[in-house]
Structure formats: C-alpha cells, structure tokens
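Shared between the two complexes below is chain A, which pairs with chain B and chain C, respectively.
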Partner chain A sequence: MHETLLSGLTLAANGPEIPTVDEFLPPEILFAGTPFAINRIILVRLVMVVIMLAVLGVSAAKAKLIPSRWQGFIEWGIEYVRDKIVYEVMGETRGKRYVPMITTLFFTILMFNICGIIPGMNIAATATIMMPLAFALWTFVQYWRTACREQGFFTYLKKECIPQGVPAPVLIIAIPIQLLDVVVIRPVSLTVRLFANMLAGHIIVALCFSATQFFLIEAHNWMAAFGAATFVFGFIMTLFEGFVAYLQAFIFATLSTVYINLSYPED
Partner chain B sequence: METLAESGIMLFVPKVYDIVWSAIILVIVALFFYKFFLPKFQAVFDERAAKIEGGIAKAEQAQKDADEAKAKYEAQLSNARVEASKIRDDARAEASHIVADARSRAEADANQITASAQRAIASQQQQALVSLKGEVGALATALAGKILGSELQDEKVQSSMIDQLIDGMDSDKQ
Partner chain C sequence: MDIITLAEVSGNLSAIGYGLAAIGPGIGVGIVFGKAIESTARQPELGGKIQTLMWIGFGLIEFLALLGIVAGFIFA
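Moving on, here comes the complex of A and B:
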C-alpha cells in the first residue's frame, strides 16, 4: 500500500513529505533503552490519561444532585454506555456486573482515539499495537472468566466449538475454526480493527495536509488548486476521523459486551 | 522498500516499554473508573432516584391529607346546614308562639276593657237617672207652682201632683 502511495506521489522531483508507518514507530525520547522508555505516542497517551483523569475526576468530585450542563453531558455518556451498549446487548441483570468495565473501555478508547485530531497531539493514543491489545486481552480474560463461572470451562468450549445442527463431517473444519475464533480471532480482531483504523486515519489525514503544504505553500505553480483540494479533503477527513474515533470506541465496547454475553449459557 | 515492509511488521510487534506503559495505563484507568468515577456517579443517580421517589410519596401524602381535610370540611358544612335549618325552624315556631300569646293576651285585655267600660256606663246611667229624677221633680214642681199659683200651696196636693207627673213620665218613657 505504501509503495503505491510513494510511487504515485514522488513524481515531482522534490515531492511532498509522505507519511509512512515509521510515524508509528517513533524514536524513544525519554528513558531510552529502559522498560519505561517513552516515545511520542506514549507521551501523548500519558498526557491524555492525565487530562482525562483530571477532567472526569473533577466532574465526579463536583457531581451534584441537580446536574450542571457539563455534569449532564457526562451523565449522558455514562447512561449511553450503560443503556445503549451493555443493557442493549445482555440485559440489565447480566449487564450490571460489566458496566464499569465497558464504561472504562468506551471512555478510554474514545479519548485515546480523539488524540488523533487534537492539534499538537495529532496521533491517536491507541496507535501502537499494545494499547488496543491490552484492551482486547482484558475482554479476553473477562469472557473466559465469565464462561468458567457461568457454565464451566469445558461446557463452554464444547458449546462454542461444536455448533448445534452441524453435520458431523463439517465438524472437522468447524471445530478448529471455532476454537481459533474463541482463542485467537476475537482478541486479535478487536486489536487490529482498532489499531488499523487509527493508523489508516492518521496516514490519510497526514497525507492530505502534507500535500496541501507542498502544493499550496511550497510549490508555486498550477498545482496550487490541487493543494486546495487536498486541504478540503483533509479537513473533511479530520471530521471523519472524529466520527471514527467514536465509532471504533463504540464497536470495541459493543463487541466486548457481545463476547462476554456469549459466555453465558443459551437462554 | 524493504525497510517499509520491515517496519510494517514491526508495527505489530509490541515493544517492552509499550507493554509496560499500556499495562500501567490500563490499570490506572480501570482503577479510576471502578473505584472513583462510576461509584461517585452511581451514588448521585441513586440519591436522585430516592429523592424523586420520596417526592412522589410526599406528594401522595399531601394529596391524601388534602382529601381528608376536604371530606372533614364537607361533613362539617353539611352538619352546619342541618343545624342552621333546625335553628330556623325553632325560631319560626317560637315566633308563632309569641304571636299567638300576644294575640290571646290582647283579646283578653280587650274583653276586660270592654267589660269594665260597660260596667262604668251602666253605673253612670243609673246615677244619671237618679239625679234626673230628683231634678225633674223639683223643676216640674217649680213649674207647676208657677202655673197654678197659690192653688197648689197645699203640701198634700203638691206631692200627689208630683207623683202623678212622674208616673206619667215613667209610663211615657216605657
């Protein structure tokens, strides 16, 4: 993918700066070489954690019976996750236990994704593989724990691997696939979906603005119009990234809830 | 180009520091949401629900009280109406008593007055008759004496004539 992008845009002798995946492997800038090394993305992530904990912490500390506009907004977010994601999927009796987890996932992923369009940060805090993987592993642990508690390890495994009504010969294919699904595909798909979305979104927006910078400001020729077009497209894509930030948080939270719900015995 | 492909794969290989920081951040964020943020808001939600329920109960109590008070006042009002009409009836009965009493007393008084008046008239008539008898006799005697002159100087003749005269008057009268 990057090769075609490169060949397509390096026609000009002194072309625009092309964003590459190396932006997601930035150099370590603090504590380099130690297990606590910090690069640009981790710095953005830490700053976002501080901001999020400060804003939500102050909101929670000042929460009153009669909500202010801001508190109303926060409450709307909490109720949105609780009612539209958790209770919608698994109902109130099952869902109550998982509301804190899904709320944590949704709020944190949303805030981390939003970093991608915050000027100065310009990269999603979920844009290294480990952060989405950490969230996915939490989901993984949670749905296995739930399965062991609600129906036992082997009953769950049997139910997941041997789908009802499937003829015996097909089971030869079905069992490995299903096993792979519950053990690998679910957490990996959660991880890659989120990570790749953030990565692709960043590259598209960065490419647009990089092109705008080159064609509109640096190169003084007829390509300026193209630069203006890339600016408009980049602007639209920035707004779209805002939407994707929410959408990916929603998808991650909803799928986590669905996976946990699958760990319960059939109704 | 090989470097790009290499770094493409590297994207999916977690670095040790990435694992460390992601884990630390996940724990911090989870603790924040589990131990502080959500319990705090849950407490606010619960308190609000309790307050609303309390408010509804209070309103229901107030409604009940108002209904009771209304029933009480209505009962009192109807009692008062009955009492008032009783008082009015009593008053009317008493008034008619008073009128009847007054009338009978007035009639009695009137009868008495009439009776005493009649008695007075009768006695005055009697007196008048007696005095008239005397005066008429003297007058007639004087008149007759003047008419008859000396002829009637005799006492005997005089008295018999008076008697005769009076008798004649009596018989005339009758």
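Moving on, here comes the complex of A and C:
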C-alpha cells in the first residue's frame, strides 16, 4: 500500500512540465537584436493578418449583387457586428460612423484569439499585453475624440465625473473614482480582460495536455487514469477556448461601443 | 521524501489566494447577468438599454477578478 502510494507521490513530486509565463516570451527567431525582432507570437500575428487580408480581400473583390454561399457567410458575420453590437447599443444614426471600426476590432480580435486553438499556432496572438493594449488605445482615442466633438472636453469630463443626484459629501469619493474610471480603468480593463483571458486559457490547455503526457506516458502507475481524465478535459477546454475567443471579441467590441456611446450627450 | 511526510505541499500559496479572490467577482457577475435577465423579462422593450448597462457593470466586476491574475504575475 505504502509502496504504490509513495511511488505515485514521488513521481508527482517530479511533476509534469508546468507551463509558465515564459511561454509568452518565446525566443526571437528572426531579426534578433533589432527593434523588428520577430518571435513566435508575432509570427502568428503576421500570418493571421495576411490570411485575413487575403480572405476578406478576395471575397470583397469577387462580391456580386446576388451573393454566393461564401459571400453570404461573410456578410452574415459583418451584419452580425453591425446589427447586434453597434446598432443595438448606439442606434443607427450614431452608429453608422463606427461600424467600420467596431467590425475591424471584432474580427481582428476574433481571428487573433482563434489562433490559440489552431493546431500548429497554438497560441493566441492577443496573449501578450501589447496587442490588446493597441486595440484598447484605439478605443480610448476614439471615445475621447467623440466626446470632444459631440459635447466638448470639459462638458464631457464634468458629466462623467459628477454623477447626477449624488449628495455633495459623496462627491468627494465619487469624483476621483469616476475620473480614474474614464482615464485609466476603461482602457486598462479592456486590455487586461482580453490579455488575461487568453493567457489563462492557454495555460489551462497546456497544463491539461502536459499532465496527460506525464501521467499517461511517463508515469507507469495507477495515475494513468488521471492522465486519461486530463486528456478528455484538455479537449473540453480547447472547445471552451473557442467559445471564449468569440466571447472576448464580442465583449471587447460591445464595451468599445458602449464607451463611445457614453461620449454622446444624454438623450 | 521520507515515510513520515506522506504528503508534501509545494508550490505557491498565491494560487489559493487567487481562488479566494475570484469568489467575490464570481458572485457579482452572476448577480449582474441574473438581474439583467430578470429585468428584461419584466420589461422586454428596455432590453437594449439594460444590456448596455449590464455590459458596463460586467466590465467593472470582471476587471476585479482579472486584476488578481495579473497581480500574481506582476508581484511574482
């Protein structure tokens, strides 16, 4: 009894190869040392951009009045973003201007996230902080620009910082929090949400399969059953990652639209 | 490992900390979505507006949970 238990424990103490943050800082493979150094994640990004441009470009060039099945599919996706995200939040008159931006955001983030479960790529292109930060800064610039255009910088700041119907003493707390929200929390939360979801998802999937490798192949004892369980769980988590990829793209696009909509004066 | 120490816990205690920290936002996200569904069922015509408010609240709450993940990496 002790023998088997102990052998299991000591093997577990050696442990499977646990994925760490280093996964997201892979070695540079091209142009190392220059500012244009390319590592695995950036390569995935570039490949995905080329694929997206090619697919959408060819589809757009071949677009006809009577859509083929493929064109119908693409149009369905684009109309989904337009109707369910932008027009749903902003309405048609305001939303028209922002449809291209939100559509770009949604599809780029969706495709970059999907990279995380494509075999051979296996890492979400949005899993380092810089890419989500770039998207979030775009939103940040857009909602400030909209605010300045629609109601002026100070009117917007006043409206955001001083919530209506709040008693004067509470304003001492409310103003700094609201100011922090407008300037820091909104872009940072967009960034961190996307980044952390992709990071956590990759680590979970990698952990499942590395545990499977360890328990099923390297450890020859009763823990093989556990390995089988992690194997199945790994597949389930991969499917779940596909769902999260879509969900994060949707949330990012929706929140960007909501933030831009908040820049308009109250109706 | 000797025979006295049957089980040895190794690793980082912050994993447990993050698990605890995720409880609050978990409950919060549940409340946000539950209430949004409830109020949309009561007043379906306000669905769009409720959804907008729901996403704003959801964004803030989820951010609290995600701060936990990122803080773990920053202060590691």
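The rule is short, and it goes like this: the second predicted complex is superposed on the first by the 254 of 267 C-alpha atoms of A that agree within 3 Å, B and C clash if a C-alpha of one lies under 4 Å from a C-alpha of the other, contacts with A are read in each partner's own complex, and residues count from 1 in each chain.
Rule of thumb we're sticking to: a residue touches a chain if its C-beta (ideal position, glycine included) is under 8 Å from a C-beta of that chain, and two chains touch if they have at least 3 such contacts.
Values in this document were obtained by computation on a predicted structure and should not be read as measured data.
J.: Under the stated touch criterion, which partner chain does A:108 make contact with: chain B (first), chain C (second), both, or neither?
T.: In the superposition, A:108 contacts chain B only.
J.: Tell me the contact category for A:73 with respect to chain B and chain C: first, second, both or neither.
T.: Neither partner.
J.: Quick one: is A:88 in contact with chain B, with chain C, with both, or with neither? Answer first, second, both or neither.
T.: Only chain C; A:88 stays clear of chain B.
J.: Just checking: does A:199 make contact with chain B only, chain C only, both, or neither of them? Give me first, second, both or neither.
T.: both
J.: Which one hits more chain A residues, chain B or chain C?
T.: Of chain B and chain C, more residues of chain A lie in contact with B.
J.: Counting only touches as set out at the top, which of chain B and chain C does A:21 meet: first, second, both, neither?
T.: both
J.: Do any residues of chain A touch both chain B and chain C, and if so, which are they?
T.: On chain A, the residues that contact chain B in one structure and chain C in the other are 2, 21, 195, 199.
J.: Touching residues of chain B toward chain A in the complex: what are they?
T.: Of all residues in chain B, those touching chain A are 1, 4, 7-8, 10-23, 25-26, 28-30, 32-34, 36-38, 40-41, 44-45, 47-48, 51.
J.: Using the touch definition up top, name the residues of chain A that touch chain C in the complex.
T.: 2, 5-6, 9-10, 13, 21, 88-89, 185, 188-190, 192-193, 195-197, 199-200, 251, 254-255, 258, 261
J.: Show me the residue ranges of chain A that touch chain B in the complex, using the header's touch definition.
T.: The touching residues are 2-3, 20-22, 24-25, 28, 31, 34-39, 42, 45-46, 49, 52-53, 56-57, 60-61, 63-65, 67, 74-75, 78, 99-101, 103-104, 107-108, 128-131, 133-135, 138, 195, 199.
J.: Chain A touches which residues of chain C in the complex?
T.: 1, 3, 6-8, 10, 48, 51-52, 55-56, 58-60, 62-63, 66-67, 69-70, 73, 76
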